[in-house]
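You will see two complexes here that share chain A, one where it goes with chain B and one where it goes with chain C.
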Partner chain A sequence: MDLGNAASLSHFLPELLLTAGVIVLVVADLIVRNKAPLGDLALIIAAGALVLIAIEPAQRGAWLFHRMLVFDAFGLFFRALIALAAMVAVWMSIGSEEVCHCDQGEYYAILLASTLGMFLMAEATNLLMAYLALEFVSLTSYILTGFLRHNRRSQEAALKYLIYGGVASGTMIYGVSWIFGIAGSLDFGAINRALAAPGHLPVLTVFIALVLILAGLGYKIAAVPFHMWAPDVYTGAPIPITTFLAVGSKAAGFALLTRFFYPAISHLGAGGSWQALAGADWPQLLLVVCVITMTLGNLAALQQTNMKRLLAYSSIAQAGYALMGVVILTNDGIRAMLFYLFAYYVMDAGAFLVVMIVANATGREDIEAYRGLAWRGGAVPAVALAIFLLSLTGIPATIGFIGKFYIFAAVIRSRFYVLAVIGILNSTVSLYYYMAPIRMMFLEEPRGDETPVTFELWNYGLMGVLACATIVLGLYWTPIIAFADRSMHFFTGPS
Partner chain B sequence: MGGGITLEHFLVLGLILFLLGAYCVLTRRNAIGILLGIELMLNAANINYLAFAFFGGARYDGQIFAIFVIMLAAAEAVIGLAVILAIYQNLRTIDVDATETLSG
Partner chain C sequence: MTHPLTLITFIPLIGMVLILICPKGQEKFIRWIAVLFTLPQLLIAGWLYANFNTSTTSVQFAEHYAWIPAYHIFYFLGVDGISISMVLLTAIICFISVFASFTIERGERGYYALLLLLDTGMMGVFVALDFFLFYVFWEVMLLPMYFLIGVWGGPRREYAAIKFFLYTLLGSVLILLAMLGLYYYGATPTFDMVELAANASHYSMTFQRVAWIALFIGFAIKIPAFPFHTWLPDAHVEAPTAISVILAGVLLKMGTYGILRINFSILPAASHEFAFWLLGVVGTINIVYGALCAMAQTDYKKLIAYSSVSHMGYVMLGMAALTEAGINGAVLQMFNHGTITAMLFLLVGVIYDRAHHREIAGFGGLASQMPMYAALTGFAFFAAMGLPGLSAFISEVLVLIGAWRRYPMMTILGAGTAILTAGYMLWTFQRIYLGPLNEKYKGLADLTPREFFMLVPLAIIVLILGVYPHAILGLLGASLNHVNQAVLMAHAPAAAILP
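The block that comes next holds the complex of A and B.
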């Protein structure tokens, strides 16, 4: 189905709601004197978008806006995930000491605009649209990162993000221009047809163009060697924004990357296994990126003393695990990747939330601030953080274990034995640095001069939900894997 | 068009411009200098789009893409300069090495 502009709108309701929400927030910021309810309004809008996605009629799929966007199950999964990430980010912003003194209306409007950009990334099926959506997310993220106007670290993080982001997007757009020259179109379907014809294609040029495009996509998911911005930006940005970048932006990057590398430049063979097109030899390239991403992320995390920085390197390594599902070229792998991204959302958002609770109470983010946390009034956050970190390591009875299990099962089934061994070794290494904060919280005595952590209903509520989800979905994960199963469908035209 | 200017000439021009932009980004320490380098990289892509569109027959995709890239470059410059201005107000410098407090 190729829908025109008007007919497409019925599949575009979540995006329309977000657009309206952005406008309402900006206008309300000008009118109302008491800015506190604006955060609640933003939360309601994000939740509304999630509801609209949930009631979206299940059908086979359609092209929207003359093949600029595509409506399919795969996009729906990522839109739901991104809406959840936005809700957590807004919730945390309301409970954060850092952002509560900023211009509330603008802040939430830009946050929702960024969410809108991520939705579009998850649906783009034309390289022009993909590039515009990616830039939309980047530009709003730069502003959000530097939102603490008088905080030196926040400003510096914004500058670094901007420079790395600008270079990555400049590189990507140059690569896209070569693909345009070779394929004669920017539509994913047309690129697929052009690259499928063997023989007279300049294979080396296509490969270089793919490397250049990977710079833009890899920068969004913070894959090595395009990860350099991530530790600095994650450390400098306000914690709710760090969370949003770590879970939302990364999910959107994975959506675009998978949609580009699978339906656009590969084709689906029998039995759910994919094959790279003759003119586009990408699996080896992505395999190398995947291996160095998880290894370097884990090794660099070993020597971190700042919690945000530690979690930044950990999230680089986690992106490497999820990439394992992408490089093995099977539907099984994609399904495992979808599940893993959901698991990563639950546990990483939870870990950052505890970091925020401690930062709210003590104003510190270094691991030293967690000394004896369990014995100075912070027993609940300490237990929750332990759950999230154990889940990130992949200890059984947590959702992180199930996610890793599906990934490794898919990898082994596709006979990538070396990759599986590297992944398992990496998980073992990660145990060391995930344990460091846990040891600090439980086994070290408090010195006595630390600020006690006090109970805040708002933040503790969300923390409880995420911690329960980590455990409960680690024991009963059927609904999530069933959702991932249903989402394993790219719309590539009526067949 | 005369003088035997072909698609290759434009592609080489674009490549040179892209490499100059990349060189500028890698060597400059002044934040605005780096932004200028990024601008060169974007314009290298623009030359490619226009060249491919012109020599590849009657397609408007290339021209439209170039217009979008110009618009995005402007948006990026606005946000970039805003961030640099805020940095300058805080630190009184826009040298990217001098702003270094986050590392490790």
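The block that comes next holds the complex of A and C.
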């Protein structure tokens, strides 16, 4: 189905709700004197978007707005995931000591606007639309990163993010222009047809175009060598925003990357295995990126002493694991990647939440602040952080293990043995730095001069939910894998 | 009893939950909750022992439920001759180690909760027959061990704990890869170990070799086989007494159990091929090298730790022999080493609690102060040396008889090491218990009733199995000979069937 503007709106309700939410928040900010309920309002809007996604009728899919966006199961998965990420970010913002001194209305409005941009990234089926959505997300992210106006690190992070982002998206749009030159169109379907057509394809030209586009996509998922911004930005941004960038923005990047590399420039063969089109030699390229990403992320994380920075490098490595699912060119791999991103959402958001709880109480983010946490009244957050970190390592019975299990299963099934071995060596290395905070919390004695971490219902509530989800979904994950299974469908036209 | 294996595995977990929610200020009940929830485990193990059918090779007390059916993952528990003795051993050692933990004073709630979680993990490994489930239990056990060593251990506990964790994790991720390979390249995708074993001939020889090596490294780290043994002395020296007892008594057996259960049963042809070099030669190195290292130690506990390395070598040698005597001796040795080494570590703990150090040279003449203690130590030492009439004698002799026909040189080395063992054991006994009394230790109290209660049951088991080994051997025979035959058979026609 190729829907026109008006007909598309019925599939566009979550986005419309977000847009309305942004306007309401901006207006409300001007009118009301007490800004506290604005956060709750934003939370309700994000939850509303999730509900609208959940009740969207299951069907084969359609092109929206004259083939600018596509509505399909794959996009639905990512929109749900991004909405969940936005909810966690808003929830954390309400409970954060850093954010409550900012302009609440603007902050939440931009946060929801960024969510809207990520939704569009997950749905774009035209390179121009993809680029616009990506830029929209980037611009809102720069503002959110620099939102702590009196904090120099936050300012510095925003500037770095802006500069790297500008270069990356400039490179990408240049690559897009090459693709336009080769295919004569920016529509994914048209690109696919052009590259699949027999005849003399300028393979090297296509390859260069792909590398240039990968710069923009790799920048969004923080893949090496486009990752340089991530540690600084993650460290400088307010913690809820760091979380949002780490789980939401990354998921949106994966959505766009997968949609571009799979339905646009590959074709689905028999038995759920994909093949790169003759003119587009991308699997090798992405394989190299994947291996360097996880290895470099893990090795760099080994020496970090700031928790946000440690988690930043860890999230680079995690993107590398998820990429393993992308590079092996099978539906199994895509499904594993989807599951992994969900698992990553639960455990990484949880880890950042505990970092925020500790930062709220002590005002510190370095590992030293966690010394003896379990023995000075912070046993509950300490245990929760341990669960999240072990899940990130991939220890059973946590959702992180199941995520890794599916990834490695797909890799082994496709007979990428070397990749599997590199992956497990990386997992083992990662244990060392994930254990560092755990060691600090449980094995070290408190010095006695640390600020105690006290109970706050709001943050502890979410932490409890995420920690339980990490364990429970690690023991019974059928609903999630079934959801990922249903979501493995790209709409590429009525067949 | 309808679900004995589920009960025996998860009863400690209920105890763990109760301990965690036990109200503040009631900490003295915690240890008794731990006792209360390991005792039924022991009783169920006894019941299993009484009701076990020794004449069949099939899986008994099986429980089979769908867990994640889409991926053919099942909740499949069961015991056969290979695992029943290990279930018994685990139940006994865990029960005793709870009493050995009574000296823990800091953070009791966390300690006992982790101990019970560890208990569940270990029991689960021995009763799980679904590879995925096995792997989950295998990994679940790592974490409590890390904390138990890391929080309640000695001065270098952090180093020892992370070293243990890293080594074992590296091993287990290799097992994970091999597991996935077995799943995908088999006749049908399945994690069911019984089914995998039944379709063993389906795998190509190249795959068998690669998977065998990956699994072997994973298990060898646990045994620990040379050269992966270096985590063991560190972990033992730093761990609290009860944890050392569990580590040596049960955890090390998981390595050899895994080789029997997975390498031997599922990859018989590769097992036949690698038995000489990777089990026989490495096992012999373990025996000799472990004994030599033990002789050089000045720390009492480290000495016992190295003696474990040496004694686990006999298990590997017995398995390598691929004879009925050898493989039966190997599993009996696993059981016997579990009980004897548990005694030894408990005995080290007794003196450490009183003197607060473990330097062998710092003691002397303790026999005059603590006669009962010295007598039990003597008994345990003689058992470890393989004195006829005590349990280890039977198993080591079986191993050597089994290995003799195939590997005469290694058998001679293994048998000769008995002299080294006797040497370091007797020398240690002499330095600590005999000779002039170190004045510092005048007036040390002899064994308390609690310590007596922990040691004597183990001593009785050692004594009984020394004269009536059939009590355990009777359980093993049918299943072990079946596995052994499979390995021997896999070799002969291998060239014909497999490409």
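The definition used in the following text is that the second predicted complex is superposed on the first by the 494 of 495 C-alpha atoms of A that agree within 3 Å, B and C clash if a C-alpha of one lies under 4 Å from a C-alpha of the other, contacts with A are read in each partner's own complex, and residues count from 1 in each chain.
One rule holds in what follows: a contact is a pair of C-beta atoms (placed from the backbone, for glycine too) under 8 Å apart; a residue touches a chain by one contact, two chains touch by 3 or more.
For clarity, every value in this text was computed on a predicted model and none was experimentally measured.
In the superposition on chain A, A:A158 makes contact with chain B only, while chain C stays out of contact range. By the touch criterion defined above, A:I367 lies against neither chain B nor chain C after alignment on the C-alpha atoms of chain A.
In the superposition on chain A, A:V354 contacts neither chain B nor chain C. Once the two complexes are laid over each other on the shared chain, residue contacts for A:V206 go to neither chain B nor chain C.
In the superposition on chain A, no contact is made by A:M118 with either chain B or chain C. By the touch criterion defined above, A:G146 reaches chain B but does not reach chain C. Of the two partners chain B and chain C, more residues of chain A are touched by B. Shared contact residues on chain A (touching chain B in one structure, chain C in the other): none found.
Put simply, chain A touches chain B in their complex at residues 128, 131-132, 135, 139, 142-143, 146, 149-150, 152-153, 155-160, 162-163, 166-167, 169-171, 173-174, 176-178, 180-181, 184-186, 231-232, 235-236, 303-304, 306, 309.
By the touch criterion given at the top, residues 375, 390, 395-397, 401, 405, 408-409, 412-413, 420-421, 424, 427-428, 431-432, 435, 439, 442-443, 476-478, 481-482 of chain A touch chain C in their complex. Chain C contributes residues 67-68, 70-71, 107, 135-136, 139-140, 142-143, 146-147, 150-151, 157-158, 161-162, 165-166, 169-170, 173-174, 176-177, 180-181, 183-184 to its touches with chain A in the complex. Considering their complex, residues 11, 14, 18, 21-22, 25, 31, 34-35, 38, 41-42, 44-45, 48-49, 51-52, 56, 59, 61-62, 64-65, 68-69, 72, 75-76, 79-80, 82-84, 86-87, 90-91, 96, 99-104 of chain B touch chain A.
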